[in-house]
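Per-chain numbering from 1; labels A, B, C and D assigned in written order.
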Amino acid sequence: MSKQVRICMIGAGRVGKLHSGTLKRYVPDGDVVALVDPVSAMLNQTGDEFEIDGRFPTLAEALDKTDFDAVIITTPTFTHRELTLLAAEHGKHVFLEKPMAMNLQECDDIIAATEERGLLLQLGFMRRFDPEFVAAAERIFGGEIGEPMLIKSLTHGPGLPPAWANDIRTSNGMIAEVNSHDLDCVRWLMGSNPQRIYLETANFKGVERGAHAEHFYDNMFATIKFQSGALGNISGVCPCDYGYDARVEIVGKNGIMQIGSMQGMDVVVCINRDQGLITPIYRRWPERFAWAYIHEIQHFVTCVQTGTKPKVGGEDGRWAVASVLAGTKSMLEGRPVLLEEVLDPAWVVPWQKED
Amino acid sequence: MSKQVRICMIGAGRVGKLHSGTLKRYVPDGDVVALVDPVSAMLNQTGDEFEIDGRFPTLAEALDKTDFDAVIITTPTFTHRELTLLAAEHGKHVFLEKPMAMNLQECDDIIAATEERGLLLQLGFMRRFDPEFVAAAERIFGGEIGEPMLIKSLTHGPGLPPAWANDIRTSNGMIAEVNSHDLDCVRWLMGSNPQRIYLETANFKGVERGAHAEHFYDNMFATIKFQSGALGNISGVCPCDYGYDARVEIVGKNGIMQIGSMQGMDVVVCINRDQGLITPIYRRWPERFAWAYIHEIQHFVTCVQTGTKPKVGGEDGRWAVASVLAGTKSMLEGRPVLLEEVLDPAWVVPWQKED
Amino acid sequence: MSKQVRICMIGAGRVGKLHSGTLKRYVPDGDVVALVDPVSAMLNQTGDEFEIDGRFPTLAEALDKTDFDAVIITTPTFTHRELTLLAAEHGKHVFLEKPMAMNLQECDDIIAATEERGLLLQLGFMRRFDPEFVAAAERIFGGEIGEPMLIKSLTHGPGLPPAWANDIRTSNGMIAEVNSHDLDCVRWLMGSNPQRIYLETANFKGVERGAHAEHFYDNMFATIKFQSGALGNISGVCPCDYGYDARVEIVGKNGIMQIGSMQGMDVVVCINRDQGLITPIYRRWPERFAWAYIHEIQHFVTCVQTGTKPKVGGEDGRWAVASVLAGTKSMLEGRPVLLEEVLDPAWVVPWQKED
Amino acid sequence: MSKQVRICMIGAGRVGKLHSGTLKRYVPDGDVVALVDPVSAMLNQTGDEFEIDGRFPTLAEALDKTDFDAVIITTPTFTHRELTLLAAEHGKHVFLEKPMAMNLQECDDIIAATEERGLLLQLGFMRRFDPEFVAAAERIFGGEIGEPMLIKSLTHGPGLPPAWANDIRTSNGMIAEVNSHDLDCVRWLMGSNPQRIYLETANFKGVERGAHAEHFYDNMFATIKFQSGALGNISGVCPCDYGYDARVEIVGKNGIMQIGSMQGMDVVVCINRDQGLITPIYRRWPERFAWAYIHEIQHFVTCVQTGTKPKVGGEDGRWAVASVLAGTKSMLEGRPVLLEEVLDPAWVVPWQKED
C-alpha cells in the first residue's frame, strides 16, 4: 500500500470542515494531521468533530511542530499568496481553494514559489472532478457535439457570503467568490481562452440583507467572447435563497449538451394535485458536488503519492483571476473589456490600490 | 368542404360536456345539434354553455324531432345497449363511451345492431388517439423495442366515482369504470389478446368516503398472461386524490419504452429549498388527454363524412369487457381466471343476475 | 352562434400554411376565404391543401374581388407596412406576423393606420398564448417567485432562414427573425421595458451554408438591462440543426421558474445501454407551439367577433423592433446601446439607408 | 481514531471485487486482510487489483493463518449456510450477501449460529443504505404520503446470470437472485409482512441464450397481498439487455412517491433531431447503487467497531427467502400461495429435495 499522505488543513470553517470530513470518511490514503485557524473556538470544534489532534493558531506554528506532506488552504482569498509562499518555502505541496488570488501578480508569485521547488499546486476547481462534468468534457473533446459555439454556465448560491467576500476591494466580489468555478469551467469545456468580457450587474437584496459595500451586486451576467470566436454567458445570483444551482449548457456545430440539473435526488412526491409534483433541489454545494469533492481530494493525495502534476493548477487559476478582473473592470467602466487589458503587467487593479 | 356532421349528444354530464366543448371549440366539421338528458337542469346548463338549441329528455324524442347523422353516447354503462340499439334502428352512427356494456351478450347485441345496418361504431378509447400513445404504438409495431415481453399500465383517478360505478352489480366496478382504458391499451400495444387474469384488490378509503357496496375496492392490481406468452400488470387506484395519472411501461426483447408522465406542464418552480422543485401534475383526465379527445372526435367525424370504419370499434370494446369480467371473477374466487371461462356463451355473470 | 369570421391569408408559404391549417382543422369560428401570393405554384398548392377557393396574386385584387373581415399577414418583414396600410384602408382587421416592421417609423405608420380606423391589430407573438407561458406569466405576476431579477430566454432554430432574413439590410438579421419572440417575451414576463442592450455574435456555419451577407451571424447573446434594474439574456442559434428549442428561465427575489423544455413528447426509450435513454425533441416550431398557434388564432377570431382589443398588439411589436435595432447597433459599434438612442425620432437606421 | 476493522473477503468474483474496491477506495476504517476463493486465477487477479496480501483457497485456511474481525460472504447462495456457520464458530462477525440462503431451515441455522455467540449479522440489502431509498423511507414513515396502499418495485438486470442462478433447484431462480432486493424493499417500505403471493412468469430469451433449466424464466410479475391489506407488485426481467433498472413507486392514502429513475447521469445530448435527446442510463448495478455500497460497508464496519446491531439482518433475510419460496410455489402450482404455507416448519421445499 502506498504511503499515507499527511495533510495540514488551513482554515477550520465551512470549506475546511468539508475537506476534513472528506478525508476522514472517504479517503483512506490521506490523513489530516494538523488543523490551523486563529479562532480557537472554531479550531477546537472542527478538530473535535474530525478527531484531528494537531491544532495550531498559525501555519508557522504547525510547520514548526508537526510533520506533514501537504497543505490544503481554505482561507479568504487575500491570504492565499502569503500562506502558499510559506508552505512552499517549507517544501509542502499545496491544494489551494479558489479564487487563486486577488490579482495576477499574486498568482505569479504563487506559481513561481511552487514551481521553483518542484512542488505540486492543485486549484480547488472541483467541477473538473465531478463525474457528470468529466463525462461531458470527454464527449465534447471527442467531438460528439462538434466545435463548441456557445456556452452558458450558472452558479446561483443560496446565502449571502461574508462581508469581505462581497466587497470588490477585498475579494473582487461575486464574480470571483461565486463564479470563479464558471470562469474556469467554460474555458475548460470550450477549449479556448476568453478574449473579451462584458459584465452587467444588479443589486436587489443588498440593502435588506445589510450588504453595503459600494459596488455590491447580487445578480450578474458575464458575456464572454472566446479566442476561438465562440460565445459564453455566465450567470451569478447570490443570495438566490432557492437552493444551490450549478448547470452548464453548451451548443456545438452538431448539437447541444446539458450538464447538471437542479434536482437533488430521484424522489418525486405528489400529495396535492393543486400544488403538483415535488422533487428535492440541491440545497447546498456539498450535496451537489459530493463526488467531486471526494475525487478532487483523492486526486491530490494520489498526485502527492506519485509525484504527478495535478489536472488543474496555477495556470487555470490565473486565467480565472484574469477573467474576474476584466469582468469587474467592465462593470465599473460600462463597456466590454479585453483580457489583454488586464493581462498587461503595467496595469494595476485600481479598486485594490491602497490609498 | 366536406358536409358538416350533425351530432346528437346523449348525456349532459361530465363526458357529454367534454365532447360538446371539443366539438364547439376544435372541430369545425362537426356540430352538436341535439342534446339528450332526462335531468332538465343539467340539460339546460350544458345546452346553454355550448349553445346547443335542440334539447330533449330522451333519445326517442330527439330522433323524432331533429335530424342528425350520429350519436355520441356518454351515459352510464347499463344504458349503452338500449341507446345504441335505438340509434342504430334509426340509422345513426354511434360513438360509444367505455365500458362498452355490462356483459358480452350486450356487446354482441350492440355489434350486431350497428353491423347489420352498415353503421359505424367507435369506442371511446381515446388513448388510441393520444399523440404519445400513437407514436409509441408505431414504434413498438415497427419493432424498435423488439417482441413485447412485459407491460405495465396504470390509471389512478382523483375522485370517487358515482355510487352506481362503484358497485360491481351495476357497473362491474373500478376495473371497468377506471381501468377499461388500460385493458384496451395493453391488448393494443402488446398485439395479443389476454389469456388469463388474476386480480388482487384492496379497500382503504371506502368507509370514510361513504362507499358501502359489498365488493367495493379502491386499489387493484390485475396480472395478465397474454396469448403470446407475455405478461401484463394493470394498476388502478380511485380515489387516489393526488391527480390524474395514466402511464405505460413496456419491455421488449430489445429494450424498454415509457409512455406518458405525471407532469402536466413544463413549468418548474422552486421557492423553498427545503421543499424543492415543484411541477404541475395532471389534475384531471381532460388535461392529460386534451389532444386525444380532440383527435378521437375528429376521427369519428371524418369516418362519418367518408364512410370509413373507425380505428377502434366493437371488437375492442368487447375484449375489454371480457377482461373486466374475468378480472372480477378472479377477485371473487381468489384464483387466476382464464378468459375462455367468461367467453363461454353458457356462462352468466353471477353478480349481475337478478334475484 | 357568433358570426363566422372571414379571413384573407396573405402569404402561402410556411407560416401561411400553418395558420391556414389551424383555421381549417381547429377553429370552427374562422374561415380562410382568400389566399394571396404572387407565386402561383405556391398559391395553388396551399390553396388546394386547405381547400381555399379565392386565390389572388395581390392583396389589392383580393380586396377588389372578395369580401372578408380580416387579414393575416405572413409575408417578409419589409412588406408589412405596405400590406397593413392597404388592408386598413379597406377596413380590415389585421393579424401581423413578427417582426412587426423594419424600423420604428414603419411601426408608427402601422399603429396609426389601424388605430385611426378603429381596427384591431394583433401581433404574431404566439408565446403569449402558449399554455405553459400563460400559466407561468400568471404565477410570476401573482408574485410567486417575487420581484423578477434575472431572465434567460433562448430560441434556437434548426435550419438556415432564407437569404433576405439573414441580411441585416433586408431584415435586421437573426435577432429580428428568430429572437423577436424572446425580446417580446422577456419584456412581458419581467414587466419592464429594456433600457440597454449589448450584443455579441459569432459566425460558425455561414460560409459552409452559403450565407455571405456582410454581417451574417448564426450565434448571439443579447444582454439586457431593464428599466426595473433587472437583467436579461437572450440566446439565439440558427441554424442549430439539433431541433427547435425555446425555453425561459427566470429568477425572482423568492425563487426560480423554468418554462418549457426540449422534450417533445413523454416517450422514453432505451434499446442500447451504451447509448442510453432517448426522448423525442421538438423538431420544428409548429410542434413546440401547437396549442399556442391554435389559441392565438382563436383569440384573434374572437376579438374580431366581439370587437375586443387583442392581448398583444402594436405597442408590443414596436418594443421588440426597438430592441432589435439597439441590439444590431450594439453589435456594429461593439458597445452597449441605450434604447433611447434608437427611440430618438431623429435617428435613422444606418444599415437600412439607401445609397 | 477507532480501531481499524480487519476483514476476510470470501469470494473473488464480481461482488467480492466490488466490496474490496469499496473498502480500499472509500472506507478508511476497514481493511481487507484476507481473500478467499478456490479458483486461484481469480484469487490472484482480485488480490493483485486491490493489493490484498492474504490469499487462501478456503475459509478454513484463512481462519487458520490470519487474524481478522469479520467476513464478507459473496459466494453462491447454496454455500451461505456452511460458510456462515464456520465463520461464527470462530467468532467472526458476518456480512452476508443476498439471498440469505436456499430455504428457511438454512436461515434459521444462520441466525442461530450468529446470535448464540453474540456476533453481528448484516444482510447485503444495499437499498436500505441508498440515499434516495433512505430519504424516501423516512418520509413514508413520517406519514407524508399517508398509509401505504400499493407499491411497485422493479429490478431489471442487463445480463444472464450464471447457470446455477437460473435453475430453481440450485438457487430458487430469478425471484431469488434478482428480485430479493425488491422483496426486502417492499416489506421495509410498506411496514408490513407479505401474506399472499402470486407469480406469473415468461420465458422469452432462454433458448437463444442457452438457459435450459426446466423452470427457467426471464420475466416475472409477483403480486403480493400484505398483512396490512395493501398490495404489491414486483417486476423482474433478466437479461433485459437495456441497462440496470431499479425503481419503486408507492401510493399512500394521501399521495404518490417515486424512488429512483433510469437516468444514470444529468447529461443530456441532442445531435440529431430525428432521434432526440439522449441521456445516460445506469449500465450496471455498481453505478446505480454506488453510494449504497459504500454506506452499507461503512455501516458494517462501524457496527463492528461499536458493537451495534446492523440495521438489516437475519430476520429481514429470512422474510425475503420466505417470499421467494411462496412465489416459486405459486408459479409451479398456478395459484396464489399464502406465506403461512411455506412458513410451516413441516413443509419441505419440493424442488430442492434430493432424489
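What we mean here is this: a contact is a pair of C-beta atoms (placed from the backbone, for glycine too) under 8 Å apart; a residue touches a chain by one contact, two chains touch by 3 or more.
Source: prediction; values computed, not measured.
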{"item": "Contact-richer chain pair (by C-beta pairs counted) among B-C and A-B", "value": "B-C"}
{"item": "Taking each chain's C-alpha mean as its centre, the one farthest from chain D", "value": "C"}
{"item": "Chain B and chain C: spacing of chain centres that average the CA atoms, whole Å", "value": "40"}
{"item": "Computed distance of Cα centres, chain B from chain A, in Å", "value": "57"}
{"item": "Two or more partner chains touched - positions in chain C", "value": "241-242, 254-256, 262-263, 268, 270-272, 280"}
{"item": "Parts of chain D lying in touch with chain B, wherever the complex brings them together", "value": "147, 149-150, 152, 156, 198, 200-205, 218-221, 223, 225, 229-231, 233, 235, 237, 240-242, 245, 251, 253-256, 262, 334-336"}
{"item": "Complex contacts: residues of chain D adjacent to chain C", "value": "158, 241-244, 262-264, 268, 270-281, 283"}
{"item": "Interfacial residue positions of chain B with respect to chain C in the complex", "value": "1, 24-28, 51, 131-132, 135-136, 139, 144-146, 254-261, 263, 265-272, 280, 294, 298"}
